[in-house]
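Note that the chains take the letters A, B and C in the order they are written out, and that residue 1 is the start of every chain.
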Amino acid sequence: MFPTPIQKASGPTRLAYQIALPIALVIWLFPLIGVAVTSLRPASDLAAGNYFGVPSSIAFENYAAVFRDSPIGWYILNSFKVTIPTVIGAVGLSCLTGFALAVYGFRANLWVFFAFVAGNFIPFQILMVPVRDLTLKAGLYDSTLGLVLFHVAFQTGFCTLFMRNFIKGMPFALIESARVEGVSEWQIFRHIVLPLMRPAIAALSVLVFTFVWNDYFWATVLVQGQHAMPVTAGLYALNGQWVAAWHLVSAGSIVAALPPVLMFFLMQRHFIAGLTLGATKG
Amino acid sequence: MAEVSLSNVKKDFGAISIIKGIDLEIKDGEFCVFVGPSGCGKSTLLRMIAGLEDITQGALRIGGRDMTKIGPSDRGVAMVFQSYALYPHMTVAENIGFGLRMTGHDKAEIAKRTTAAAKMLQLEPLLDRKPGQLSGGQRQRVAIGRAIVRNPEVFLFDEPLSNLDASLRVQMRGEISRLHQDLGATMIYVTHDQVEAMTMADKIVVLSAGRIEQVGSPLELYHRPKNLFVAGFIGSPKMNFIPVEARPHNGGIEVTLPGGTLLQLAGTLAAAGKMTLGLRPEHATATGAGDAVLPTKVQLAEHLGSETLFFVSLADGSEIAVKADGLAPQRPGGAMQIGFPARACHLFDAAGNAVLNGDLTR
Amino acid sequence: MPTNSQPAGFWKRNQMKIAPYVFLAPGALMFLIYVLIPIVQSIWISFQDWDGLGPKTWVGLANYVELLDDDTFYVALKNNLLWLGLYLLAIPMGLAAALFLNQNVWGIRLYKSLFFFPFVISQVVVGLMFTWFYAPDFGLFSQAIKWLTGSEVAILADERYVTYGIIAAGLWPQTAYCMILYLTGLNNLNAEQIEAARMDNARGWRLLRHVILPQLAPATFIAMVVTVIGALRSFDLVSIMTAGGPYGSSQVLSYFMYEQALSEYGYRMGYGAAIAVVLFLIMMVFITLFIVRMIAQERNR
């Protein structure tokens, strides 16, 4: 283990470390803590110039106001309507593509794989004009479906990279053994590989959920009106309305950030496993 | 009837030739072992018979039918993998029945065959466990059970015992041999361990660098190796090779051993020249009895209790191994008289081919 | 094989050849339509004059020529380089955080999760948080500056500091990301190698430099890739915090493109596409390096 475990250090060093931990955390999360506190501060405090002191009262009212006076609830619903189908679509498609690229040695294999990988890293702007045009022509502009289709296609790149490497890590003899037993290729996928992909599916689902939930660029490019707007773009719009109403902006921010944060805490192990794929083996 | 026949079978990976033309007949019900050092192509050859690797050239027939281009599932073969390849998410019973289920057999039939296989392999109490809960030997049996239920005409084993510890390996060796007797099916077994080959095989195929070096029964290979490679590969500890001068003499062969000692061998030789004399450690005598006796010095003694293996140096400094009784008194540094019995000596020409086999069965 | 069961036989004999394409088709088709073809289309559009609705007019390289004369383009390019350079700080910062947190004390798992927090939050929210943080009069950061120097600075309204301010906001989640990569790397170190090095009397900085960092190379590589991509993709923060202002001083190529193609200044799709192509070419340099390394890796398998 590196650095040397703190347990081997002297008493004062250990104590210093234990004290340093929470201090470092508070400094690190300062912007977040500030926003969280502000979201619970009554408007009167801000008016009175009490920006940093102890709030005069805990104002859950801010959250009620956000939901009552703005369409943020609707925006969040839209975000779910975009995110959940995207997760299902992208993870589902990439199970298939990942399997194809991991198991078969056809001629174009590596090139198709590299296309998926490279596509994953390109700047969104190179896609913006044609994708917007395509969505308009398909009559899907300003709809959650338009966003879903794009996100599914784009996330399939990353997901394929992930799935392919995951399946490559399985013992190939499992597949060969089934082939000798007369099991068809589809049955191999369905009954052998798919059940063993569960951890990868979990990891990718959380990751894609977070990526898509937090997307802002495409939400502004492919959506215009309120009825299909996800919460990221919605929050930006509300920020324009709530000029200097920081208690509301803060409460709105916390609300918008909550679903991926909950997701992260619930599925932390999977999330990190997905994110750090490839970080340990060359 | 499931004899397996390969004629001029070749395999290339790109420009690299892995299998360089194999002709082989394996009889119905025979236990045939492919043995050779790692990289000799034995596993590739087995996988070509299974249909997991394409055959670049040549023909494969199983039970008289041409299988060269047929997919693995239609060859009537079952394979046991080195890693066992058990499906980790299925129970033992599901693992055994999986192939049958996928190929549309009805439930009663699957249950019947699974039970029968489990009984044969003493797996009955384990049927509901997952592979993760089994020991190495048990997993091995499940892998075999999965092969048995399909009633294949040919069983293929790819180094199935190499992941087991030594004592389990001996036990499983016996079980596979017994299975072969019970089922009477053709079995092809790949291993790099010549002890496995010797103990189990009806027929051993020694491979090296993509070619067959020799085919024969275990005792044939032991007593009549065709060349230096087979002589060195079969038998443990390894056969000693001693460089000698050989010439025709009095209707026999006379060889000059290191240090100048002469040894008369029966047999004929066309011309004199440098050759290699082969003598197994168990055939050299530590008591000094033999047709030629060499004075040597003991370098190292390995005491195994029942016997002692001495490594001794000859007059020219080269070392040979000699198997002696466990009570032999010699110690490292001491002198030892080593006897060479003429009828146990093999002679190989400069190209490595056997000129004379010291076949003790004759 | 009997030949009377020809239809079933055909699939059986050829399924190994056909199956990969069947499995690949749906995903590949989507990716083709929404990613690969649009790249080509964008390059095509960059040679046109187009408002997004009417007919396109071929103008050849005119868009690119205009770009070379556009001051905003140079500001954006300069800022992109600044982003690229400063964003890389996330890697050593992330390593430092990971080394700090790689201990086994009570509650450390929670600490690690909380340190990772900024990455999980949407960049829109991060942008809003930092806007509040930087706000003159009541922003905590401004107050701290005022307390330290006596004079107040409105970071986001000051042409000199605005880009640095946005980059700092971006470094917050990016450092968290690099930290988690390194934490995973540290978790998978070869313990025997470290013990051997300690027997050889290596410790502290030298142990880190000669034994630990080489083992962390895969993590460093991934951290580099995601950080470079992140820097060149920077859009959300610029859009949220300044919209490129004041006076275009915090422009980056991604936002500049968006503004040209879709903003109230008019729909200049061709010009926007030309900017996107430039950004794409810059990115391609890094993508190519990445792919070359991956090919080398695949060959070694």
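Here is the rule we use: contacts are C-beta pairs under 8 Å (C-beta built on N, C-alpha and C of every residue); 3 or more make two chains touch, one makes a residue touch a chain.
These numbers were taken from a predicted model, which means no experiment stands behind them.
Taken as a graph of touching chains, this assembly is fully connected, with contact between every pair of chains. The busiest chain interface, judged by C-beta pairs in contact, is A-C. Our note on geometry: chain A versus chain B, Cα centroid distance of 56 Å, whole angstroms. Centres computed as Cα averages put chain A at a distance of 14 Å from chain C. The set of chain B residues touching two or more other chains comprises 71, 73-74. For chain C, residues touching at least two other chains, in rising order: 15-16. For chain A, residues touching at least two other chains, in rising order: 184.
Remark: chain B residues 65, 70-71, 73-74 touch chain C in the complex. Of all the residues in chain C, the ones that touch chain A in their complex are 15-17, 19-21, 23-24, 26-28, 30-31, 33-39, 41-42, 45, 52, 99-100, 102-105, 111, 113-118, 120-126, 128-130, 132-133, 138, 140, 143, 172, 177, 180-181, 184-189, 191, 194, 207-208, 212, 217-219, 221-223, 225, 229, 232-233, 235-236, 239-240, 253-254, 257-258, 261-262, 269, 272-273, 275-277, 279-280, 283, 286-287, 290-291, 294-295, 297-298.
Across the complex, chain A meets chain C through its residues 1-3, 5-7, 17-18, 21, 24-25, 28-32, 34-35, 38, 49, 51-52, 93-94, 96-97, 99-101, 103-104, 106, 109-110, 112, 114-119, 121-134, 149-150, 152-154, 156-157, 160, 184-186, 189, 210, 213-214, 216-217, 220-221, 232-233, 235-236, 239, 246, 249-250, 253, 256-257, 260-261, 263-265, 268, 272, 275-276, 278-282. Residues of chain A touching chain B in their complex: 171, 173-174, 176-184, 187, 191-192, 195-196.
Of all residues in chain B, only 50-52, 71-74, 77-79, 81-85, 87-89, 98-99, 102-103, 146, 150 touch chain A in the complex they form.
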